[in-house]
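Take a look at the following structure, please.
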Amino acid sequence: MSGAGPDRPLAHWQHRLAERGVDRQLWLLVPALVFVIALFLYPFFYGLTLSFQPTKGGPLSDYARFFSDSYERGTIWITLRLALPAALLNVLAAVPIAYRMRGRFRGKRLVTTLLVVPITLGTVLTAQGLLNFLGPTGWFNRILLATSLVDEPVRLTHNYWGVFFSLVITGFPFAFLLVLSYLSGIDPTLERAAATLGADWRRRFTRITLPLLMPGLATTFCLTFVLAFSVFPSAVLVGNPAGETRVISLAAYQAAYEQYDYPYASAIAMIMGFVELVIIAVVLAARSRLYTGSTGGKG
Amino acid sequence: MSAFSQLRLDGVSRRFGGQAALTELDLTIEAGEFIALLGPSGCGKSTALNCLAGLLPLTAGSIWQDERRIDTLPPERRGFGMVFQSYALFPHLTVRANIAFGLRMRRLPKEETRRRTEEAVRLVRLEDHVDKLPGQLSGGQQQRVAIARAVVFEPSLVLMDEPLSNLDAKLRLEMRTEIRRLHQSLGLTTVYVTHDQEEALSLADRLVVLREGRVQQIGSPRELHTRPANWHVADFMGYRNLWRGRVAQSDGARATVESSGHRLLGEVVGGLHAGADAVVAVRPEDIRVDGPGETRNAMSATVEVVEYQGRELAAEARTDTGLLLHLRTEQRIAPGDQVKLAVDPQRLLVYPADASAETDRLPHASGATR
Amino acid sequence: MSAFSQLRLDGVSRRFGGQAALTELDLTIEAGEFIALLGPSGCGKSTALNCLAGLLPLTAGSIWQDERRIDTLPPERRGFGMVFQSYALFPHLTVRANIAFGLRMRRLPKEETRRRTEEAVRLVRLEDHVDKLPGQLSGGQQQRVAIARAVVFEPSLVLMDEPLSNLDAKLRLEMRTEIRRLHQSLGLTTVYVTHDQEEALSLADRLVVLREGRVQQIGSPRELHTRPANWHVADFMGYRNLWRGRVAQSDGARATVESSGHRLLGEVVGGLHAGADAVVAVRPEDIRVDGPGETRNAMSATVEVVEYQGRELAAEARTDTGLLLHLRTEQRIAPGDQVKLAVDPQRLLVYPADASAETDRLPHASGATR
Amino acid sequence: MATTTQAPPARPPATSPDRRRRIAARPAAWVVWGVVVFFFLNLLGVVASVLVSSFGQRWFDTWLPDGYTTSWYARAWDEFALLQVIIVTLEVSVLVVGLSLVIGVPAAYALARRSFPGKRLIFLVFLLPILMPPITYGIPLATVLYKFGLAGHMSGVVLANLVPSVPFVILTMTPFIEQIDPRIESAARMCGAGLRTVFLRVLTPLLVPGILASAILVLVRTVGMFELTFLTAGPDSQTLVVALYYSMSASGIRAQQSVDAMAVIYTSMMLVLLVVALRYVNPTQLVAQVKDEPEH
Amino acid sequence: VGCGAPEAPGDTTGDTTGEVPQRPGKAVTLNVLDVAGNLQLTQAMIDEFVSKNPEVISRVTYSKAPAPELAGKIKAQQGADRVDIGLVLTGVDGLAAGIEQGLWIDVLPTFQDRLGGMRDYLAPAAAMQQLAGNAGVTVTYYPSGPLLEYLPSRLATPPTSADALLAWAKANPRKFQYARPANSGPGRTFLMGLPYILGDSNPKDPTAGWDKTWAFLKELGQYVDYYPSGTTETMKNLANGTAHLIVSTTGWDINPRVLGTVPKEARITPIDGFHWVTDAHYAVMPKGVSTDTQAAVLALLAFMLTPEQQAKAYDEGYFYPGPAIKEVQLSSAPQKSQDAIREFGRPEYDALIAGNPTEVPLDAKSLVAAFSRWDREIGGGKVKQG
C-alpha cells in the first residue's frame, strides 16, 4: 500500500485503477464472461479451426471455394439485400409508432400489446400464414380479384417479397418493443423544455428525442439486422431458396446438412459472421460517438 | 415571438387527480411588467408557471394574450422562454448548443446565433465551460445555462422557476441584477417564481402570493412588505412572531390587543371589532430591545438563545407571560439577559383570526411559539 | 455506523481530465462538529463532498477516520448520509419508501422503521404527501424528502449539498433550526455545502471557504465574517465594495489607504507596508449615511439607485471621485441626494493586492464598480 | 381549505387538451395510424388464415374451408405427446430467461457504466455468440455438454440456450442502464445499500421496461431456437420447436393443416407466456410516470 | 424436472464394445429417434414388442426430428462418449450421411443370423438393403414413383409421355409443379426417374450421364412458375387449382387423399417407359450404444421383420404398400389400414408395380451432386429469368 508517508500520501492504488475505470464493479462481468468463455469460445474456435481444415486443399481453400464461386458468393449480396432494408424498415417504422405511444391515452395498453403480440408468431406460423394469405388463392389476392384491382393474382410469395414480409412481421414487433422501452427512458421534461424554446414537434423529435434515442436505435438495429441476416426457414418456406432468396445461411446449411461438409459449412458461417461484424462494427462505432449518458427519465 | 400588450389569466385552475394544485388564478400582466410568484413550497407556483407556458393543460379557465386565446396553443407557438426548476438541460448538447437551441429553432443567421450565444454565455459567466456537457457542470453552472437558454432569444414573456436557487449569494446578487437589466433593456415581460422574499421584493413590480393553490394577495413589494393581507401572508413575508389575542379596543384603524396580561397597540388589517379574536404579527427586526425603563407597547422578557449572524444577532427571548419572540438586533445581548422588547404600533399588525386549524396552532400569549 | 472521534482529510484532490476541481484539501473534522463548505458556484464544494462520501475516487490524498483509512472503502461501507444537490430521489418509490430506504438497508425491525420514518416525515412536513412518488412533488417537497432520507438512519456523518436551496425563506429558517437541532440531539457530525453565507454563519461551527478548488480560509463564523483572509473571501462574504488603492501609512495593524483623493483608515489583514498596492473591502451595511458635516473616514457621494428591500433600502451611490458604492440603510434617501458616507475604521479592511487578473478588474477609486 | 368552488358559468371551459394534441399533430398521426392499421389488417389475415386452416377439414380454392374439425390438433397432441413437450418448453424458457437475466444484467451494467481497458474486446466476445450461426459451434458445444453429462436432459438444453441469450441480454440492456442517472445509485449507496441491494431495490425496478423487453425477446428466441435445443436435448427434454420443425420439414407426408395446427399451438403457448408477462409488467411503464403528460 | 444432477441416460452405462449377448443382462430403456416419419408405420410394432418383452425393453421413448441434423446430434454424443440414442429410423439420406461419417454400428454380417426376416426381403427391398451396406436394416419399403397426379375436373387428359409433358407444360405455363428435389421425396424421385424415361446414357451418373435429363428439366423449367420447398405445398396447389399437374409417388397419392388435403377424385398417371425409383426406411444403431441395448434392438428388429408385424406397414397408404418382406397380405393389416386402402387405394398399382422395372436410388454422393446441379441450373436459373 502506498500508505501515508511523511509527504503527501499518494492516492490509493485502488483509486488509480478506479480512475482508469477498473474497480470491483468489473466483477460483475465475470459470470457472463466465464459463461461465454466456457461454453462458447471453445466450440467457436473449434468451428473456426474446422473451417481451416477443408476436406481437400490448403487451409484457406474452403474460403477460396466460396469466393470463387459466384453462386455461393452471391448469397452475401442476396442476404444483405434482404436484411439491410428489412432491419432498417423495422427500426424506422418502430420509431414513429413508439413515439406516438408515449403519453397516456385510452387504449394505449391494448395497442401496445397488439403491436407486441406478433412477436409470438414465430417463423413457421408467419410463413404458413403468408403462404395462405398472400398466396395466389389466399384472401389477399381474392380480395384484389373480387374488387377487380387486378385480373391475375399478384405473386407475393416464393420470391423476395415473401421473405421480406416475413422479416418485417417477425422483426418489427421486436424492434418496436425495444424502441418503445428505450423511449420510455427519456425524460419528457426535456421535450417540454424544447417546446418552450420554440421547437415544434418535429424538431423536438429530431433535435432532442432522436439523438437521445440513437444509442438505443443503434443497438436495436444491430439486433434486428442480425436476426434478419441469419434468416433461414422463411427464406426456404416463403422464398425461392434456389434463386433470389438463397441466403447465406442456406448455403451454410446445405453444406452442413445436405453435403455433410462441415468444414465448408464452418467457413461459410465464419464469412457470414464476419460480414455481420463489419456492419455492426460500423454501427457501433457510430454509436460510440453519440451521447450515451443519462437521459433523465429515471433520475 | 408576437409581442403583446396584456396577458390575462382568467380563472386558471389545475387539478392533479383529486388534488387542486392551482385554483382560479385571475391575473392580468401588462407588457413589460416583472411579476413574482411567491409562496410556500408546494403552493402551486411551478404549476401556475407550467400552465402559462402551455406545458400543463388547464383543468378550467383560460389565458388570453390581448384578444387572442392562447391556452389552446402548444408551448412552442406561445413563444415564451422558460427556466425550469429542474433545469431540464439537454444532456446530449454542450453548454453552447443548449444555449443556442432557441435561436436555432428560430433559424436566425449563423453569425447572429453565434454572436448572441457568446453574449449569453458571458452574461452567465460560463466562458470556460462552453464545450462541456451538462453532466460535467456543477449545480450552479447548470442553473446558469438554463437561464441563458431561456433569455437568449429574447422571448416576449420569460417564465423563471427559481432560477437562482442554486447560486451563491454573490453570484445571485449579480445574476439578479443581470436579470433585472435584461428585463428592462430587452423590454421583456417576466414571471418569476421564487421562494426568496428579498429577491421577489427587490426584483418585481408586483408580487402574487399563493397559498395552497389560491391567490392570497397581489400587490407591490411595499404593500406586501408592510401590509400583508392576512396573517398567513404575514407569516410567509417574515412576520415570524405571531400570536393570538383578543381585541380590547378598536377604532377601525388601530386596535389594542390583549393576550394574557399584555396590551399592545397595533394597526388593524381587515375589519375587527372589540372582543373579536385576533392574530398579532410582528417581524423580528421590528422588535426593539430597549432599556428596562421603556413601557410604551413593550414587554419584559428574558433572552434565551443568541445566534451570531454577521453584524446583527438573531435572538429568541421569552416574555414573562411565556411567549417566545424572535428578534434581530445589533445590540450585544446574551442569553439570560433581562430586556424590554418594544414594537412601534405601525409595525404591529392585527388580523382577524380565521377559523383554520393553523390558527389554532398559533400560541396564545402563554404558549410556545411554533 | 461506526462512530469516530476524528475525520481527517489529507491532501484530498480530484481532477476531471485535465481540470482540477479540488486541490489538496486538508481538513480535520472533530466528531460532533458542524462544518460548512462555502464558495462560489463551481469552486469544488460538491466535488469535496462526493470525495468524502466515496462517490468520486480521489486522484491524490487520503481520508482517515481516526486511525482507519477510509478513502478506499465504497460509500455504503462508510456509513455516511448524504443529501444530493439534485435530490436523486428514487423515482419508483413513494416518499415514505424513499425515506425508509436507509433504515431498510440496516434491517431495523419493521416497527422501528415505521416509527422513525413517520418521525422523519413529520420533521420535514410531508405528512400529506407520504404516498406520492417523487415526480408528483414540487421542487421544495423533493428537497425535503432528500433531507429526511439522509438523516433518518442517524449516520455518524451527514453530508448535505445545498439542502435548503429550493425552500422558501420561512421553511428554510424552520428546516435550518431542525437541522441544527438534529445535529445536536443525535450527536451527528455534519458537513454542509451552501452558497448562503447567512445559513453557513448561523449553522456551522467552522466554515471552509473554497475558491477554484483551493481552500482560502478555515475559521469560525465570526472570523470569516469580520476577518476574511484575503480580498476574494471578503468579496464572497459580502464585502461588495472593493477597490484598489495605495498604502499611505501603515503601523502593521492599521493603515491609511489612498485612492484618487480619498484617504481612508482601516484594519490591515496580512502584512502591508507603506507604498504597497492594497485592496479595500467594505460591506454595504457598514457604510453609514451621515449628515454632510461628518468628515472622519468619510466620502461625499451622490445617490444613484435606490431599491426597496423591506425595512432597509439598498442603494448605490457614486463618490465624487467616481467610485460606485453599495450600501444598505434605514434612512430614507432618494436618487440625487447628496450624502456623506462614512465607515468605521474597524469595518474597513485593507488587503495586499495579489497579482491576479481579478485584482486588475477591481476599480481604482475612479472607475465603475464591477 | 375553503369550500369547493364551482366555476361560474361565464368562465370559458378549458378546451379538451386531448383534442388540442391531435390538432397539433394531425397529418403525421394520420399517416402513422393508417400504416399501423394496414399492417394489422394484413397481420390479422396472415394469422387468421393459419388459424382457420388448422381447423379446416379440407380447404381448396374457396374463401373458407369445406368443414371444420379439431382432429389436426388431436393428432398432433398424440403424435408428439405435446403435454410433456409443452411443460418442458415452459420450464426451459423460464429457466433460460431467468438465468440469462441474472448473468447478463450485471455484465450489461459494468459495460454501460465503466470504461476500462479491454472493453472493446470483451464487447466483441459478447457479440460473437449472437452473430455466429449455431452451425459453427452447435456440435462442439453439444459435445462438451455431453462430455460433462449435462446434455441429454434439460440442463443441457438450458445451458446451450444460454449461450446466445446471455449476450443478447447484455446487448439489449446496456442502453437501458446508460439511461439511468447514476446519482440515483449514489443515493442508494449513501443509504447503505451494497451493490447487490442497489441492483435489487433500485436498478431493477427502474429497469423493468428494459428487463421485460429483453426477457420477452430472449423468451421468443429460446422457444424458437431449434438447433441448439435439438443437439442437446434428450428424449424427455425436446421442446415444441423441435416438434414443429419436424412436422414442417421432416420427410414423409403431412397435411398442411397439421403443420398449421402445430404452428397455432406454438404461437398460443408463446402468447400465453407473453400475456402473463404483460399482465404483471407494462412495457411502456414510465418509471417517472407523472413526468409524463397527465391522463386526459 | 430438475436440471441439477443429471440422471444417467439408460444407454451410456455399460459395456459398448464387448460381446453382444442374445438378451440384455437387464431390461433396457430404449430411445428411438425417427428422422424419416417411419414411426407412423412401425411404432405399433415397437410398442407391441415392448409390451410382450418387458424383460428386454422396459421402457421406450420416441423422438422425432428432421433428418439433416441427425448426424450432428449423433456426432456430438459420440464425441463425448455418451450415446443415448439406441435406435435410429431413417431414410436413405440420413443413412448415407451416417455411413460416410462412420456413425453406425455394422449390423451385418455379425448379426445376420439374429435377423432371419432379412432373408425374406422383396427383391427391390433387398436391392435397397444393398444400398445400406452393412450399417442399416431395411424395415419398410415402397416403390415410390415417379407418377403424375392431377384432378380430372381441371385436366381431362393428362400427358403420359415425357414429350407430351413438355408440350402440356408449354401450353399451360405455371400449371406444372414439382418441389425442390432436395426437400421432396416425389421431387427427387422425378429427378432420378427421368434418366430412365428419357433414355439417358448413365442414369446412375448425374454429372456425366444425364444430358437429356438436364436439357429436359431446363426446358421444362421455362414453364414452371417456382419450385416449392416441400411436397405438401405442391399438393396444396393441386388442391386449390394453382397447379394442375404435379409429380407424386404412391404414398403421396394415397395418404393425402386419406387425410383430405387432396380431393379424393385426384388421379395419377405413369409416364411411358418409367422405372420405379424405390425408397426404403432403415433401422440403424449408432456406435457407442451398450451391448445390452444392441441386443435389445436386434431382438426388436427381428420381431419387426416378421410378416404379422410387417402388415402394419400398410398404414393408411403412407408408404404404399410398405412391407419390406414377401407374402405380407393387406388382409392381415389392422382394420383401419384395410379400410383406408380399400377406399383410397388404386387397383392399378398392383399391375404398375408388377409391370415396371425397379431401380435403387442414387448413392449419396451422386445424389448430392445431382441436387447441387439442380439447385444451380434448374432452381437457381429461375432468378435470371426474372
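As written, the chain order gives the labels A, B, C, D and E, with residue 1 at the start of each chain.
Convention: a contact is a pair of C-beta atoms (placed from the backbone, for glycine too) under 8 Å apart; a residue touches a chain by one contact, two chains touch by 3 or more.
Everything numeric in this text was worked out from a predicted model, so none of it was measured.
Participant: Check every other chain and keep only those touching both chain A and chain E; list them.
Facilitator: Touching chain A and chain E alike, sorted by label: D.
Participant: Farthest chain from chain C, going by the mean of C-alpha atoms per chain?
Facilitator: Relative to chain C, the chain whose C-alpha centre sits farthest away is E.
Participant: Which two chains have the greatest number of C-beta pairs in contact?
Facilitator: After tallying contacts for each pair, the winner is A-D.
Participant: Just curious, how far off is chain E from chain C if you go by their C-alpha centres, in Å?
Facilitator: It comes to 90 Å between the two C-alpha centres.
Participant: Would you mind pulling out the distance in Å between where the CA atoms of chain A average out and where those of chain D do?
Facilitator: Measuring from centre to centre gives 14 Å for this pair.
Participant: Just the number, please: Cα centre separation of chain C and chain D in whole Å.
Facilitator: Using C-alpha averages as centres, the distance is 54 Å.
Participant: How many angstrom lie between the CA centroids of chain D and chain E, rounded to a whole number?
Facilitator: Taking the average C-alpha coordinate of chain D and of chain E, the gap between them is 38 Å.
Participant: What residues in chain C touch two or more of the other chains?
Facilitator: Residues 74, 86, 88, 91, 136 of chain C touch two or more partner chains.
Participant: For chain A, write out the residues touching at least two other chains, lowest number first.
Facilitator: 23, 137, 187, 189, 201, 237, 253, 256, 293-296, 298-299
Participant: Mind pulling the chain E residues that touch 2 or more other chains?
Facilitator: 69, 72, 183, 233, 240-241
Participant: Provide the residue numbers of chain D that touch chain C in the complex, in ascending order.
Facilitator: 181, 183-184, 186-195, 197, 201-202, 205-206, 287-291
Participant: Mind pulling up the chain E residues that touch chain A in the complex?
Facilitator: 68-69, 71-72, 97, 100-101, 180, 182-183, 225-229, 233, 240-242, 368, 371-372, 374-376, 378-383
Participant: Quick one: which bits of chain C touch chain D in the complex? Just the residue numbers, please.
Facilitator: 1, 50, 53-55, 74-76, 79-82, 84, 86, 88-93, 101-102, 104-106, 133-136, 149-150, 153, 159
Participant: What does chain C use to touch chain B in their complex?
Facilitator: Contact set of chain C toward chain B: 16, 38-42, 45-46, 85-86, 129, 136-141, 144, 161-162, 165-173, 195-198, 201-202, 221-222, 225, 235-236, 238, 240, 283, 285-286, 307-311, 314.
Participant: Which chain E residues qualify as touching chain D in the complex?
Facilitator: By the definition above, chain E touches chain D via 1-4, 6-9, 31, 35-38, 40, 61-67, 69, 72-73, 75-77, 79-82, 84, 91, 93, 183, 185, 230-233, 235-236, 239-241, 251-252, 255-256, 259-261, 263, 318.
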